[in-house]
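Across the two complexes that follow, chain A remains constant while its partner is chain B and subsequently chain C.
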Partner chain A sequence: MSTAACDVLVIGGGLVGAAVAWGVARAGATVCVLDEGDDAIRASRGNFGLVWVQGKGDGMPDYAAWTRDSAGRWLELAAIIGEQDGIDVALRQPGGLEPCISEAEWVERELQVRRMHNQPGVGGNDVRMISAAEARELEPALGPEVVGASYCPHDGHVNPLFLLRGLHAGLARHGVDHRLDHWVESVRPDGDGFAVRTAHGTLRAGRVVLAAGLGNVRLGPLVGLDVPTEAERGHILVTERLDPVLSHPMGRLRQTEEGTVMIGASADRVGLDTSLDLATAAALAARARRVVPALGRARLVRSWAALRIMSPDGFPIYAESENHPGAFVVTCHSGVTLAAVHALYLAPSMLQPGFNDRYAAFHPRRFGGAEAA
Partner chain B sequence: MRFDRLPEIRPVPRVTLSIDDEPVEARLGDTVTTALLAADAGATRQTPVSGAGRAAYCLMGVCFECLVEIDGVPNRQACLVSVSDGMVVRRQRGATRLPEIGG
Partner chain C sequence: MSGARDLVIIGAGPAGLAAGAEARAHGLDPLILDEQPEPGGQIYRSVARVAQQRPADLAFLGADYAHGAELVAAATEVERRQGATVWQIGSAGRDGVREVVWSAAGTAHRVRAGAVLIASGAMERPVPIRGWTLPGVTTVGALQVALKQAAIYPAGRVVLAGQGPLLLLLVAQLAAARIPVAAVLDTQPPGRASAAAWHLPMAMVGAADTLLKGLALLRRRSTSGVPVWRHVTGLRVAGEGRVQMVRFRDNSGREVALNADLLALHEGVVPNPQLTRLVGAEHRWHPAQRCFHPVLDEWGESTAKSVFVAGDGGGILGARAAVAGGRLAALRVAERQGRLVESARDLRAQPFLARRWGERALRRFLDALYPAPDWIAAPEDEAIICRCEEITAADIRRIAGHAAGPNQAKAYLRCGMGPCQGRMCGLTVTEMIARARGVSPAVTGYLTIRPPIKPVTVDELASLAEEMTA
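On to the complex of A and B.
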């Protein structure tokens, strides 16, 4: 049995765990990250890559503001990864569109935009409805069925795989002990820290962060944290590389730096199942053609499904255990968008007192479940 | 680098395809990639990103390095397509241009 000691042990090396580990290591802590291997369920390898503000936080102004903060800090994160680790994460924030292709969609979107404008401290995150003509001026490839769009000047996108690689490179640069194929069997409070057991031995740490995605459901109760999340499947389709077609990311359509157009993402709940449903994929493709008819001539070269990590209200869960201080949970649906605030704000605050006060809005007590023993 | 074929256990019918109008002999059952490698075809595309030459890499449908135009359809995975007699294969340069943008 090997034993190792570190200040902070992070369970999960996806976008959330890597951003947190990156941030605490940068703040000077000694850090260990335990992750699984390539057979694991990992949202961070199958997502859409939007750094997205519009529509986020309907019903939770703190989340809307948090998302906007992250979009604002993203340039700083990308610059650090670019300068220190030589990885260009292809961040582009030209503003984003969400086209509507029916009156009903327009009415529903306009209602949401108006509702969010009225939430305190959010100011609608500068989202506004734009006419079909205005939308087509921004994005000439939009088809005649588009009746208008919502537009947010802060929306953007990034290459999420380069982001993950960049964060991992930063971990290596900070001397983080990053172990793959180290599935955590159990976490147990031990003296003034925690003992974390894997098949390769037990590690001791002063603090432990649960950033295991869907794995948090099982791990949380071991340290007194209730993490009620469920898997939501999303399909993504990818075209061949194309000459520039789109200059703005859209909620369900974006062209990457390399030229592929990504078409996403569906949403259904089928448990821990990443298999592809052809009818769902076909529906995505059909909508994309209505929004941008020229895509009807593009060939799809691949497709996949991945699992989102959804809390009951869809907003993040951040908490420090009341019964076992020093144990934290960090999980969210939009781990690409929030990578900047996770790395630059949230992670360093784990080394300070008062985490639950600072992130009160994100505590799972809002779901009303009993705090686990 | 050269690829040498192993001796045939039993006779395999031959087919002829073309790569950029050059005839290439292959064996029935070959993938297009096998035929191209055996014919020493070299780089079969230039990436749309850097323009660097590329050819088949994983041979099992994962890496998308082997993309070529087959019978008029660009961006097909040569390692996943079986050869047929008279098949027309073309090397690719850059990205596909879609017609009708802004139309």
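On to the complex of A and C.
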């Protein structure tokens, strides 16, 4: 069938792929995005929606700084999407808290906060422990079991689905060729570019970006990139629309602009399984009502499980192939928080030399040769 | 939690009741979970109580309805929980056992099931016309349920709009009860009788008695004195705060406006997809009935391990086929559990298979006679499609061309995200996207349905945590 050519071909139309395509299209490149069908495994549809700084980057200061950068640039991204595509992504950054409901949780959290302060550059995240009284002043709905919380003034939240829609609206405005039902069979170097084969024909591009989530594991080696990621299942529960109960997002609880309350988030590794585990869901509900007792009577209308894309250390992987320059991989489990830096910084830099120098900390070589099979 | 039941049946309509009785007859220990306060399903709603307390009403509700009392009586030995709403069916274990989770009176319960029979029936096809969300607009099915269950009789200027056997039956029932109907707006497209004639001979062989009853209903409509407008199109509702007027085009294309206090819509019924989608069973698009059907074998077993479907939830065939389907599923489960040998099973299955064959022949005739009108998939821009989130047809059209399917539309617009989980908008959105993309609904697929399929409180779910860690 058809053979199309473009400057940059992005494999994956989720939050990571759409942000990268948005950024390179905005920088003037002709872009094609290959997306799967409606029933694909899509982390971007299962998102919790936090723009979250606290706790991010414990063990990798560059990631902590990168996250903080992104939270700082989010207003700019939301403004562009709002002004140019008329979509309000409901960004709110009032500061966020992570309540502790036992002394043990408090001790562990305080230790993490102190540990991260000691890492170079992380202090800028301004995370601090606050007392139960302070926490309740911020969030009167907190229950009597809450013994305190960690607090970060830069934390916020957004509607992740409207973000995805906003990015895609931007792609359409830039004339990006967005193709549905285009599962990628293979990628191979071809002359000074790449040939990407799908069931609907082969496409050619000068540069190719692997942003296929868990699909990168299969695609990476085809262009000399090792992408050691695994699926981590997370459950989320959501209530019907409620009157305002929460004014700040929490790590596992947030009230959306529409009024629904989202309850997250678990973590287990069961492969590509997005079915619901009842005991896990019940445990989430049990914790949520200990943190905010008023939620007990709220009706849950839906739950789901989605798959996070986890690298061995949990941090993003950004790299350009050494053997096949022009082939990039971008993967992370924080597609919402990092959307601003992905769209505004990372994507345009793919059109410049020196990508691996700029993002050296995120290169998969940090995992050592053992994984690089 | 104790050991697994042989069979958990969801729904106490004709399929569920028959399956329960059949399973018990072969020594199984079935449990029926039913959402309604009384058994009977939609068709035999409250039949036992009506027979006992309002025998006069049986006269106008008809002999077919009264027949439901026998079905309920035959299943009295089967353990049954009324007011029990199933909201999750867990994945099958290696032994095929699934956990069915349900709530009654605000408390959640779990039961393990060697086999699950989904007998949750059909729902009326949503008719997304402009103004259909106004108070005073209801469905023919809902009106009939109000008659049966609560003895609520419609009053004022009652207008019935749509087509199909259920609408004809209600016209006859209202006439017998001397409840006046202001008008019937028949939306059957022209030329259907000749299109359906092709299927008539087989339908005669399959279910001649039903055809005769249908003819009687048609005659009843013409002798009832109710004004009937044929081949109506362009139906929409107007009113301040509630329905006041129904507008439409008559068979010559002329605009007509009728005053109305109550409008009941009906464009046939479709399988209720929530439970079969929840378990991830494979579905197939049925172009004639314009809906998805779960893929089933002759015993009603779905592609999801240990899950059977009987009754209209597996494809619209009516109550008699539902009874047959329920019995067939129970026979298969009994044979699997070693309660009867294959030859005995097959012998016992003969009449049920024959009955279902006959009902299928009849259904092909009815599908051709009363096809869902084309406008059902092309609603006016102003029509609200998702009632929970108030998403209009225009909203959906804006994204339809670049959405892969209804799940993408749900993500972009929130349509299908409300408490009904897409029951009211799923089919319409699917067909609209399929049209915009120029593909079949088989390609776009349907909404992913997640637990709980009916809302439960945080407290109810949390109570299971204590139980499951204890």
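Heads up, the rule we're going with is that the second predicted complex is superposed on the first by the 368 of 373 C-alpha atoms of A that agree within 3 Å, B and C clash if a C-alpha of one lies under 4 Å from a C-alpha of the other, contacts with A are read in each partner's own complex, and residues count from 1 in each chain.
Here, a residue touches a chain if its C-beta (ideal position, glycine included) is under 8 Å from a C-beta of that chain, and two chains touch if they have at least 3 such contacts.
Just so it is clear, the structure is predicted and the values come from calculations on it, not from any experiment.
Peer 1: Are chain B and chain C a fit on chain A, or do they clash, once the structures share the same frame?
Peer 2: Clash.
Peer 1: Touching A:Ala288, do we find chain B (first), chain C (second), both, or neither?
Peer 2: So A:Ala288 only meets chain C here.
Peer 1: In the superposed arrangement, which partner chain does A:Leu164 touch: chain B (first), chain C (second), both, or neither?
Peer 2: After superposition on chain A, A:Leu164 lies in contact with chain C alone.
Peer 1: Touch test for A:Ala141: chain B only (first), chain C only (second), both, or neither?
Peer 2: first
Peer 1: Look at A:Gly259 in the shared chain and tell me whether it touches chain B only, chain C only, both, or neither; answer first, second, both or neither.
Peer 2: A:Gly259 sits against chain B, while chain C stays out of touch.
Peer 1: Please work out whether A:Val245 is in contact with chain B alone, chain C alone, both, or neither, and reply first, second, both or neither.
Peer 2: First partner only, chain B.
Peer 1: Please name the chain, chain B or chain C, that touches the greater number of residues in chain A.
Peer 2: Greater contact footprint in residues on chain A: C.
Peer 1: A:Val301 contacts which: chain B (first), chain C (second), both, neither?
Peer 2: In the superposition, A:Val301 touches chain B and chain C alike.
Peer 1: Just to be sure I follow: which residues of chain A are touched by chain B in one complex and then by chain C in the other one?
Peer 2: 240, 258, 295, 297-299, 301-302
Peer 1: Please give the residue numbers of chain B that touch chain A in the complex, ascending.
Peer 2: For this pair, the touching residues of chain B are 48-49, 64, 67, 73-75, 77, 94-103.
Peer 1: Under the touch definition given earlier, write down the residues of chain A that touch chain C in their complex.
Peer 2: These residues of chain A touch chain C: 35-39, 45, 161-162, 164-165, 168, 172, 178, 180-181, 237, 239-240, 258, 263, 275-276, 278-279, 281-283, 285-286, 288-289, 295-304.
Peer 1: Which positions of chain C touch chain A when the two form their complex?
Peer 2: It is residues 88, 90-91, 99, 101, 110, 280, 399, 402-408, 411-412, 414, 417-419, 421, 437, 443-445, 448, 450-452, 455-459, 461-466, 468-469 of chain C that touch chain A.
Peer 1: Which bits of chain A are touching chain B when the two form their complex?
Peer 2: 140-141, 240-243, 245, 257-259, 293-295, 297-299, 301-302
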